[in-house]
Amino acid sequence: MLTEHTTRIRVRYQETDSMGILHHAHYLTYFEIGRTEMLRASGGNYRRMEEEGFYIVVVKAECRYKRPAYYDDLLNLHTCVARITSAKIEHEYHLMRDGELLAVGKVALACVDREGSVRRVPQWMQAEEPPG
Amino acid sequence: MLTEHTTRIRVRYQETDSMGILHHAHYLTYFEIGRTEMLRASGGNYRRMEEEGFYIVVVKAECRYKRPAYYDDLLNLHTCVARITSAKIEHEYHLMRDGELLAVGKVALACVDREGSVRRVPQWMQAEEPPG
Amino acid sequence: MLTEHTTRIRVRYQETDSMGILHHAHYLTYFEIGRTEMLRASGGNYRRMEEEGFYIVVVKAECRYKRPAYYDDLLNLHTCVARITSAKIEHEYHLMRDGELLAVGKVALACVDREGSVRRVPQWMQAEEPPG
Amino acid sequence: MLTEHTTRIRVRYQETDSMGILHHAHYLTYFEIGRTEMLRASGGNYRRMEEEGFYIVVVKAECRYKRPAYYDDLLNLHTCVARITSAKIEHEYHLMRDGELLAVGKVALACVDREGSVRRVPQWMQAEEPPG
């Protein structure tokens, strides 16, 4: 697995609010895109994981908002692995616009099966190597 | 089944956009709430229908936007059955604020099973009587 | 100002995701509803505050997800003031379903003017009394 | 102005619903992205238009849903101008996945100023040439 990755995201009109800025709830959606694209760039695929009965659920999320993002801003989202154990995956996120830091996030994930029972984080996710 | 019903919906901050108004995509979500609540008021329950393998999918949706809605507006959504056949359910929606018409919508639905195959609209939905 | 308040929120179909649960980003939107309704129950009104040039921005948000919420669940959201200073307002949120705790959140807010410059939290928000 | 344009959009997890498909309301958001990107490809910029006091509002939207889209699908959205007059802009949208048609949309827009008063559609939008 890659341990860091950068994705570009453009702020949609629908994601802004009447204060004229990106609504704060959408940052969590952006972070989800960040980890999905890091997984894809590592050769993995979350959709395939789900088809194989392997689900990833969010157990904790946090975000510190530093500066607002605006409609049509083209942002860089840096995703990096903060910690992976057999029980939990933690990523950190830095959302940037032209080198300026807009927000810092942290999301902890756990793995569950189709019935919601907790599973161990797969070995290949814990290794700094692409999945076979 | 009831053939008309009114639901109150308050515009959320997150649903506004940077023009300061309720974003046009959310009207479709409001209409979905309208038909869900009409079904509930009729003694039905869409969640239970899904649990029994019965799904309702949107095949066509349209909305004419007359006047903007704003954050925190308390709206009345009037839902009524326009037409129900064995193949399709059509509802009409009138979104009002203090007697003023904001939008008119029309959504056509079909019934499918868990695998997505088309099913007949159940008899009790076609009848103007509550489900047994 | 009230220091605690409970609001009921029903999970919308549009808010679920393909895992069949309330998507984690929407919890932040629910929390926003919780503090809005607590303000309203206190005799205040956030929309009017904005019209008077007074805006509230989120500076930090976090949520711990304990158990999933499902479509059509009728939830109780308990909002309480954790801390109010002249610079910051902090609320805590407990999202419950039939007495079962689903999630715990914490959101810190700051006040800004129309241009985004930081303002002091108004006295009446710091007091445990309704606004005049 | 270009009269047709294609944009790629990947379905986000947050946009799916518990039926496991892209929720029908998000198609309107996709269409908005389609026309925004067509404007950008034409040398225009909607954000700059708003800064100059020129707003575009949706007056009518409709969508026919043919086949569901799923999480992580990479879709092609074809946007084309159906009709532009001094009063109204109409676009048509075809949402495709690997050559398969998923949905057909049509959205009518009008131009307003900061106060919401109707304005004429600018000449350069009516011409089949890039804005100066």
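In this document, chain identifiers A, B, C and D correspond to the written order of the chains, with residue numbering beginning at 1 in each.
Assume contacts are C-beta pairs under 8 Å (C-beta built on N, C-alpha and C of every residue); 3 or more make two chains touch, one makes a residue touch a chain.
Given the structure is predicted, the values throughout are model-derived calculations rather than measurements.
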Point to revise | B-D or C-D - the one linked by more C-beta pairs in contact | key: B-D
Point to revise | Centroid comparison with chain D (C-alpha atoms), farthest chain | key: C
Exercise for review: Please work out the Cα centroid separation of chain C and chain D, and write it as a whole number of Å.
Suggested key: 33
Practice item. Return the distance between the CA-based centres of chain B and chain D, expressed in whole Å. Key: 24
Review point. Where does chain A touch two or more other chains at once, residue-wise?
Key: 13-14, 18-19, 25, 29, 32, 50, 70-71
Exercise for review: Pick one for the touching-chains graph, please: line, ring, star, complete, other.
Suggested key: complete
Point to revise | Interfacial residue positions of chain A with respect to chain D in the complex | key: 12-14, 29, 32-33, 36, 45-47, 50, 70-72
Review point. In their shared complex, at which residues does chain D touch chain B?
Key: 18-19, 24-26, 28-29, 32, 50, 55, 57-65, 68, 116
Practice item. Please name which positions on chain B make contact with chain A in the complex. Key: 13-14, 16-21, 23, 25, 70-71
